[in-house]
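Which chain is which? They are A, B, C, D, E and F, in the order written, and residues in each are numbered from 1.
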Amino acid sequence: MLTEFDTTLPSIRQVQNLIKQTTPVELKLLTGDVLTGKVLWQDPQCISIADENSQYTVWKHAIAYIKPKTT
Amino acid sequence: MLTEFDTTLPSIRQVQNLIKQTTPVELKLLTGDVLTGKVLWQDPQCISIADENSQYTVWKHAIAYIKPKTT
Amino acid sequence: MLTEFDTTLPSIRQVQNLIKQTTPVELKLLTGDVLTGKVLWQDPQCISIADENSQYTVWKHAIAYIKPKTT
Amino acid sequence: MLTEFDTTLPSIRQVQNLIKQTTPVELKLLTGDVLTGKVLWQDPQCISIADENSQYTVWKHAIAYIKPKTT
Amino acid sequence: MLTEFDTTLPSIRQVQNLIKQTTPVELKLLTGDVLTGKVLWQDPQCISIADENSQYTVWKHAIAYIKPKTT
Amino acid sequence: MLTEFDTTLPSIRQVQNLIKQTTPVELKLLTGDVLTGKVLWQDPQCISIADENSQYTVWKHAIAYIKPKTT
């Protein structure tokens, strides 16, 4: 799908900050899954997140929300 | 996705009002989750909502509805 | 998302009629929820519906169907 | 959403035929609901279907499939 | 929704081949349903599939995957 | 739907790499299904994945995430 990727948008910048600061995050998916890990990159279609074992490339259309991991 | 963000639209203005008035809201997601808190910002893609513990960046495509929190 | 809002379309006009006639409606959501109330307004993104207690702003992408409330 | 409504497309024409022939149909929704009735009209966004009791305006994005009712 | 229908795309051509070869297929839907039958036609919005009893017009947005039927 | 297929995007290139390297992957779908196999091709609409028994053509709109198979 044609995707907006205006890097001045708050939502795009926030994910960029999570990448730079290597903040542990929770990613809730529309499937009900919660992925935890660090965000590696985003592009207009996907967000990549890695934990110790795996690297997930998650389609944005499948994401409900992202939040810093509660400690 | 290319997103309409015409700030004269009632739905965009209503969320702007919820932000200004720091109204506690309920956000029902397509996952069935209900997030409660105050809306911090919106952009064409996302709405950010915070409670005492966490800040959620929620993709609009995952939102079913928003309503002022029933007291 | 870029949204069509051609007020000559039957589906747009029908919702406008429900607003004018303050017809009680049922709104079935993709979450399985059924909201009942009167339609207050629509714009290209959302439909707002109110019952005695609450006002819901519902994203159209989350709506399965609307129907006049069966009495 | 911007919607294609090219009346030469087979899927659009088929629904038009169902309307003209007042064929009883089953409409399976992404919610799992199955609506049965006759198709009254379609526009780029919605399909309207009626049974003896109710008239449903169904958003196309919520439809899984349409089929002539099995007798 | 505006739909790409570039007949040189592998996914479009593959469905065209399934039509020509009248290959029995399984169509898994986002509802969890699995439809089995032969593909009759596709257009930018829909894929039509028929078994002995019924002809289903399935919206592409509701399809998870298509595969040749395992024998 | 009009689909971005910019082969310089990280998400597109990553899938291309999975194809070239014939990496076993897991594909989680919005239906909750997990398909495992090797990626054969992608186009703007679909990703094709094969295991020993079957070849699945999966619509991207139905994909939650892709990850290298954990061994």
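Basically, contacts are C-beta pairs under 8 Å (C-beta built on N, C-alpha and C of every residue); 3 or more make two chains touch, one makes a residue touch a chain.
Worth saying up front: this structure is predicted, and the values here are computed from it rather than measured.
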item: Same vs different contact residues, chain B with chain C, by half of numbers used; value: different
item: Most distant chain from chain B by Cα centroid; value: E
item: Chain C on chain D, rotation in degrees - Cα superposition, rounded to nearest 5; value: 60
item: Separation of mean Cα positions, chain F and chain E [Å, integer]; value: 18
item: Rounded Å distance between chain C and chain E, as computed from the means of their C-alpha atoms; value: 32
item: Multi-chain contact residues (two or more partners), chain C; value: 1-3, 29-30, 61
item: Successive chains around the closed ring, taking chain B as origin and chain C next; value: B, C, D, E, F, A
item: Partner chain F, residues of chain A touching it in the complex; value: 1-3, 29-31, 33, 35, 41, 43-46, 48, 53-59, 61-62
item: Chain F-facing residues of chain E, complex; value: 1-4, 9-12, 14-15, 28-30, 32, 60-61, 63-68, 70
